[in-house]
Amino acid sequence: MNAIIISAVWGVIMMFCSFLVKNRGSYRHIAAFGLLTLLVANIMNSKGILLFDIDDHNMFQFNSFGLYFNSIAIFSTLVYVLLTGKEMEKYGKYTAEYFTLIFFVLCGVAVLSAYNNMLMLFLGIEILSIPLYILTGSDKKNLKSNEAALKYFLMGAFFTGIMLMGIALVYGGTGTFNLEVVRSTAKANGSSALSFLEVAGLIFVFVAMAFKVSAAPFHFWTPDVYDGAPTVFTSFMATVVKAAGFIAFLRLCEIKVIETGVAVDKVFGINWQLLFAVLIVATLLVGNITAVFQQSVKRMLAYSSIAQAGFMLFALFSLNDLAREGILIYAVAYSLATIGIFAILVKMKDFTFEGFNGLAKKQPVLAAACTIFLLSLAGIPLTAGFFAKYYMLASVIKTGSYLWLVILAVLFAAVSVYYYFRVIQAMYFKDGDALTEEVTPSFKTGLILLSGLIILVGVMPTLVLNYLYF
Amino acid sequence: MDITQILFWILSALALFAAIMVLVSKNPVHSVLWLIVVFFAISGHYILLNAQFLAIVNLIVYAGAIMVLFLFVIMLMNLNAEAEPQKNNWMKIIGVVTGGLLLWVLVSAVRSAADMSSRTATLKTGDIGLIQNLGKVLFNDYAVPFEISSVLFLSAMVGAVVIGKKD
Amino acid sequence: MPIQYYLTLSAILFCIGVAGALTRRNAIIIFMCIELMLNAVNLMLVAFSKMSPAVEVAGTNGGTDAQLFVFFIMVVAAAEVSVGLAIIVMMYRNVHSIDVNFLNRLKN
Amino acid sequence: MIPILLIAIPLVTGFAAFFINTDKGAKIWSLLASIITLAIAVAALCEANTSSQLSVNAEWLPALGAKLSLSMDGMAKMLCLLTAVSLPLVFGATYKNTYNKPGNFYGLMLLMQAGLLGVFLATDALLFYFFWELALIPAYFLCSTWGGEKRIQVTFKFFIYTFVGSLLLLIGILYIYFKTPDSSFSIQSFYNTKLTDGQQFFVFWLFFLAFAIKMPIFPFHTWQPDTYEQAPTAVTMMLSGVMVKMGIYGVIRWILPVFPAAVVKFDQLIIVLSVIGMLYASLIAIRQDDVKRLIAYSSIAHIGLMCAAIFSSQQVGMEGVMIQMFNHGINVIGLWIVADAIEQQLGTRKFSELGGLAQRAPGLAILLVVMILANIALPLTNAFTGEFLMFNGLFNYSIWMAFIAGISIILAAVYSLNMVQKIFYGRTMPATEYANDANGNIQFVLALLAVAILVLGVYPQPVINLTHDSVQAVLAK
Amino acid sequence: MNELVYLVPLFPLLGFLINGLCRKQLSKSLTGIIGSGSILVSFVISTILFWQVKSNGALPVDPLFTFIDAGSFKIDFAFQVDQLSCLFLLIITGVGFLIHVYSTSYMHDEEAPHFARYFSYLNLFVFSMLLLVLGANFVIMFIGWEGVGLCSYLLIGFWFKNDNYNYAAKKAFVMNRIGDLGFLLAIFWIIEKFHSADYAIVFANPQGTLSPADITGITLLLFVGATGKSAQIPLYTWLPDAMAGPTPVSALIHAATMVTAGIYMIARSNILYTLAPSVQAVVAVIGLATAVFAATIALKQNDIKKVLAYSTVSQLGYMFLGLGVGAYTGAVFHVMTHAFFKACLFLGAGSVIHAMGGEQDMRNMGGLKKYMPVTQITFLLSCFAIAGVPPFSGFFSKDAILSAAMQSNMLYYVIGVLGALLTAFYMFRLYGMTFLGSFRGTHDQEHHLHESPKAITIPLVVLAALATVGGLLGIPEVFVKDSNWLEKFLAPVFAGSTALTQAKPAEGNSSMELVYMFVVAAIIVAVIAFAWSKYKKYEKTTEPETGLGKVLANKWYVDEIYDAIVVRPLNALAGFLKNVVEKSGIDGFVNGVGRFVQYSSRQLRLLQSGLAGNYILYMVLSIVVLFVIFWNQTQIVQFLENIF
């Protein structure tokens, strides 16, 4: 609860800053400070110290997992703000408002990491999405930004409708919006255990969630929106928001899939795994294959984020302890690496692969850091990305079935190496003068620290995970 | 076949007809008007179902506020039948067919839900739709979501300003 | 009145909305169709709220929460509309068109 | 303790080397580092296999059941020695070559050595996988930064090819990991895991593909000639001298004991593949016009023999493989040194542009002849013992396989002598008209190698004894 | 006293090392002294050993060190000196020494480093040859076996500037390798059965361990090895080309010693062959065929060394015939005598070539009798020896073989005799064309025709003497009772075989044998007379050979045939693999995967049309599809399980 309230409040504070504080440069410091407090508050929450005594009437179900993810999300946002917060000042004069919206998004993230009721899921998703529509369109004079915002908004609204239809059907089937359905008479006498309405509804809800985490075939908005949105906001969308979507999705599945599966697999023989297998295959295919041919690094990263989503879906597929841990590691590894890459990308004058030619000569630090981030995304050992993928594969192999899925995933991972390494080749082995904006030493230090963190997690993933069990 | 059933059929027919008209009418303004008709029909259903509060809110918020907002925008852009962009017929047919497929999916889902066949929606009776009941629940159990939705509104407000404001 | 009538009705309305979103290019009309979908959902929820015999589950307040959910849906819809129309207007300012296919720079 | 040092020293010195800018400094630094590593590897030889100095067992990821466990048995000692020996030789022989960004070059070389040593030392599957990749990454950067003109595509193909293999390996490791009774990655629990035949047949291939690509076994070999041709020769020496041993080592250490049933089931197939590969590579080598490609293909042929010998799973053959891993390492490094000397001096590797070099560079000629004789496994050169034992094992497995594989001995003579003749004999060509003998370093290193070749050829027993225990251990399973 | 054994090969090795490493520093004379001296020393030691053996039988074997101990078997680096090996020791070191001496003069025109290189190679050869004959097990023999192959390669290609020489050298090495493969497989087979390769163990009681099939296989494979090394059909073609090397090399390696390694090997493993009569028959037939075949070719060669080369092949054929019919002593005997007279012939030819300034074509010679008498005399004696004129050595050795052949199969005998006649003819054709008649060369050639220096003539004289009297070591039983010293001397080596073949009466109808012997001798003399008279007045003719002559002059086109059926197809195959299978096939597939990915990427991205309407359409459709999948999931899962 701490995080939800404080993020909302701090959002309001930022709002007031927009006319109380004249110096636009200081906004991001205030925001950073706010994020720190948020982080502290959230950690206090996970240690059981509640700042606010509120009876949420079982709307929320705070557990260490959700709270821990929340801290991760806040931390990533902090890193994000510190590395690229400055860039926001490029887009109009509404810097403070942007921070406001980011805080609201974090509020949505906090909701999604703890919701226990379809209504909260719905609200959380909306609180997550609406600010993003705006951030996407924040570069108002830029037609690409407009287009992205429009597409994002229309499709987002459409899938809000789909999700609501799903929720309605689930309600029809269960008579409640709570996630845990206390099936009083249900479990006893088989078939009445759950109505097919609930199953159908769940499919709709899953589809809507799949849309939010940009899993194929509901990914179509992703490349265009990520490409059109101002790069600095793309970075945020692609990392924190997407991870939050996965946490919400995972929470939904852990409760719904498991109980419905258990309740009725004799009755309908429900096999949610098949559904997710389809999503995974489609996502990996689209993400990896399409990324191969991209000419713009930014768009390539958009597709790569789809591909990564394909890997994260494994957690929903296998739904075991490894999956839970894995999605956390994945959130850390993927978010940090992507934030880092985008931080470098916004410094580039030219977003095409050629734009990176010879970066290693002009900006060795940037190139080295970028390489580490890319290696992490590609899942090379000694980087966090390896353990992210490791956990995902392990969770599936542990279930013992669908090994072909793992092999397929691995082959696609090899494909992903193709497009990640194109950047490395451009930076190191091709000649050219990569044009960058001026790079401050502090920025470089930030990058170095970030890459150090990634390698540390890559060697000692347990450092991240152990907190989960405090 | 008592009056409520007749009303049900009439309202349903109206709602469907109006909804279809929303699609087919060339002029955006007409679409808006037809949509309002749909909302009225649905509000009628609410009343049939004895959900007066929602019926009123539906009229005030949707028909009253939202649709008017739509009208403003359309007027402001003075869109009309001529300016209306048209998809080629193939796309239209495909769109309709796809909608039909989704309908098929939904209906078959509904029909395969065996436990629904025996159930009915009670009309005219029941007081859960009354404002005091709703209010009680809203401000006890649903206080938190209610507050949180304020965040939603704030962000929407900020957004509207950021996006809409000329600079 | 059998509940399935209501379900079917709202399903049809929902799909009309979907079909509208698919067949029109005018952003505002598409948006309106989405509103139509939401209303279909509302109708379904209200119908469920009055369903008898209700699906008996512990710890809920009969049909009330369904109707409150409808209320929240309307709230959110209102918020979305404000943002959505703002975006559409912004786009109209830039390109003097609200054809969703007019802007097509982002592809492949 | 020793294993830690073996890995740590190249690792640390390697990273340090990145910050050295002067050519000379980097060379001296890395040469010293590699010599220290060599000293430690030699020290390891003196330790008894049971010595506690030779094994390290520390916690790493308790949650995953992965330990930081390294240990050296005979085979590991031998391969570590090879790895440690080869780097000083390479540095010495290419001492005169200059690279831009020397610090990075030598740093990456040392890192690669660290990875290779790790692979040979790790007795924890996850750790093994880590080093497996760690050895690959520096190789990638080395090849595509300092390689020939087609370096980027070629190296990239090499990288992706091997990467696919290693990912499959990862799946296999995980699969067994979940089958292990104590869900741990330690090699012992891998050995103790009882897999059903069905599981073995499936996972076996996941492992074998990874190793087969690395070795490489026909038909997964096509990355190799291109890579060897394009890579800077110093790197090629490490690749063909040491890195291919990773695959063989993997098969011996990780496949034979873990999948006995699968080995029995598939040995026929794999031996046939290897033998085909031998003849295929030898035939292609006959028609090569490029020194480097010729050596590459001849190396493929030799590796094929080793793989066949392994899967004939005869003690004799296994002994042969052990000794041959070492011998092939130093022989092929010698060949590459000669190739490099020629290319550095004359700027061409084409036979059609070479000839008559024996008159201009008699020293190089004689040393090359020694290398070539080792390459065709002439008695009293080191390779003879290995190939003799391997063929013997193959013969015990099947006389016909031995016969067909034996044809490659003849072909080997053909292409090896072709090489000598086209480079050194006959009349001088424009390219070789004013050539002079190879510089001192090269001749010195080659002389060292030649001595080693002859000594090991006359008295191979020490190496056999060194690896005897490993062979017993493997065959016991 | 046994350490002497190790000294025998040690000295040539030292000579090799010294000459090889200090080739830049040493002066020619010093090199020559070191080279020949080392051989001389080991010759002396060999004689000592010989007397030891002669007095008190074979010396005991004690290993120097363990060469390979692969657990399942153990191979020692051990030497064995018995009657057979010490006989070979004498031949190798003795003839070797003479040829070294000869070389010091013959190779004198080379500049110092190459001169030293030559001698180091030569010493290395002697070293390997000694290993071959001294080895106490097959592996050591194989080491020497390959070693001599290497040296012959190096020496044939000694003048490496000339590419044809290099090709000849390569051809020799590769063809030897083909044989070596057989030898190697035989060794594996033996090791598999005996878990050892020691003669002592293998020959102790082979029939106990080996099945008849094993014996047949092993002996056949060994024989394949022999055909390679000893230039028998089908692997003989390298030997004539090997004449590219310096003439002393041809004398030492390609006449006296190396090529007889095959005979040594089979004689060494005689017991196995005696146990495999079928293989013996093969050996005999091949040997006989080679003898006659090569002889026919020799009839029409004009290159003096080529003639000698083919005669060598043919004589080796006789030796194999001997082995084939079980006359092991005869074969070894012929090896010895052949070493004498063939070495002498080659050296004589060398001296002629030396005098003619490198000219090797006999058509440009003639009448050299008066210019170089010593050479001529020694040459003539050797010719008589090789032709088998009594009482020259060749007569006895060849007779030993032929009489054994007669006892085993009359047909062998007849054909063998025919070969002998051919031998007599072409040898005296050679002699006549070279030394008789009038000189047919150019004037300046004639101008500096001269007798060769002492270093060349002395070895000639010595060898000629040996060739003349050498036969007395093995006078057949039919003349004088137990006069055959060699037979008795070698008896222990072949004891096993003789024990097995007691059935045959040692001397059948000796009177018949005598008659045959002298009839043949008479015919041979007649042939010699004919050839003499025919080629005394030989005139250079320009019209090309025709009919059979042409075929013979072209060596029955064997090289061409091999080229057509082996070499070219192999090259074509290699080219096909390199350019088609490798490039387009395997690598093509690998790259094809990559290209396929890029292609599908190019196609797949078209889905991203940029039109929001289409996006929504796709997504709604996929919702429907998901539902359909969901409803039919049971079937689908079934299907998947069937696939994977």
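We just call them A, B, C, D and E in the order they show up, numbering each chain from 1.
The rule is short, and it goes like this: contacts are C-beta pairs under 8 Å (C-beta built on N, C-alpha and C of every residue); 3 or more make two chains touch, one makes a residue touch a chain.
Because the structure is a prediction, the values reported are computed rather than measured.
Within the contact network of the assembly, the step distance from subunit B to subunit D comes to 2. With chains reduced to the mean position of their C-alpha atoms, the one farthest from subunit B is E. With every chain reduced to the mean of its CA atoms, the largest distance from subunit C is reached by E. Relative to the centroid of every protein C-alpha atom shown, the closest chain centre, again from C-alpha atoms, is found for D.
Inter-chain centre distance (subunit A to subunit B, centres taken as mean C-alpha positions): 32 Å. For the pair subunit D and subunit E, the distance between mean C-alpha positions equals 37 Å.
We define each chain's centre as the mean of its Cα atoms; on that basis subunit C and subunit E are separated by 96 Å. Here the spacing of subunit A and subunit C, counted between their Cα centres, is 26 Å. Looking at subunit E, residues 594, 605, 608, 610, 612-613, 616-617, 620, 623, 627 sit in touch with two or more other chains. Shared interface positions of subunit A, defined as residues touching 2 or more other chains, are 119, 123, 126, 130, 133-134, 137, 140, 149-151, 154, 158, 165, 169, 172-173, 195, 200, 223-224, 403, 418. Those residues of subunit C in touch with two or more other chains are numbered 7, 14, 17-18, 21-22, 25, 31, 51, 55, 65, 72, 76, 79-80, 83, 87-88, 90, 100-101, 104-107. Taken as a contact graph, the chains fit none of the simple arrangements: neither line, ring, star nor complete graph. Applying the touch criterion to all chain pairs gives A-B, A-C, A-D, A-E, B-C, B-E, C-E, D-E. Within the complex formed with subunit D, the subunit E residues making contact are 65-73, 113, 139, 142-143, 146-147, 150, 153, 157, 160-163, 166, 170, 173-174, 177-178, 180-181, 184-185, 188-189, 191-192, 570-571, 573-575, 577-578, 581-582, 586-587, 590-591, 594.
By the touch criterion stated above, subunit C contacts subunit A in their complex at residues 7, 14, 17, 21, 27, 30-31, 34, 37-38, 40-41, 44-45, 48, 51, 54-60, 65-66, 69, 72-73, 76, 79-80, 83-84, 87-88, 90-91, 94-95, 100, 103-107. Put simply, subunit C touches subunit E in their complex at residues 18, 21-22, 25, 100-101, 104-108. Residues 375, 380-382, 390, 393-394, 397-398, 400, 403, 406-407, 410-411, 413-414, 417-418, 421, 425, 428-430, 460-462, 465-466 of subunit A touch subunit D in their complex.
Subunit A contributes residues 150-151, 154-155, 158-159, 162, 200, 203-204, 207, 211, 217-218, 220-221, 223-224, 269-271, 274-275, 278, 285-286, 289-294, 403-404, 415, 418 to its touches with subunit E in the complex.
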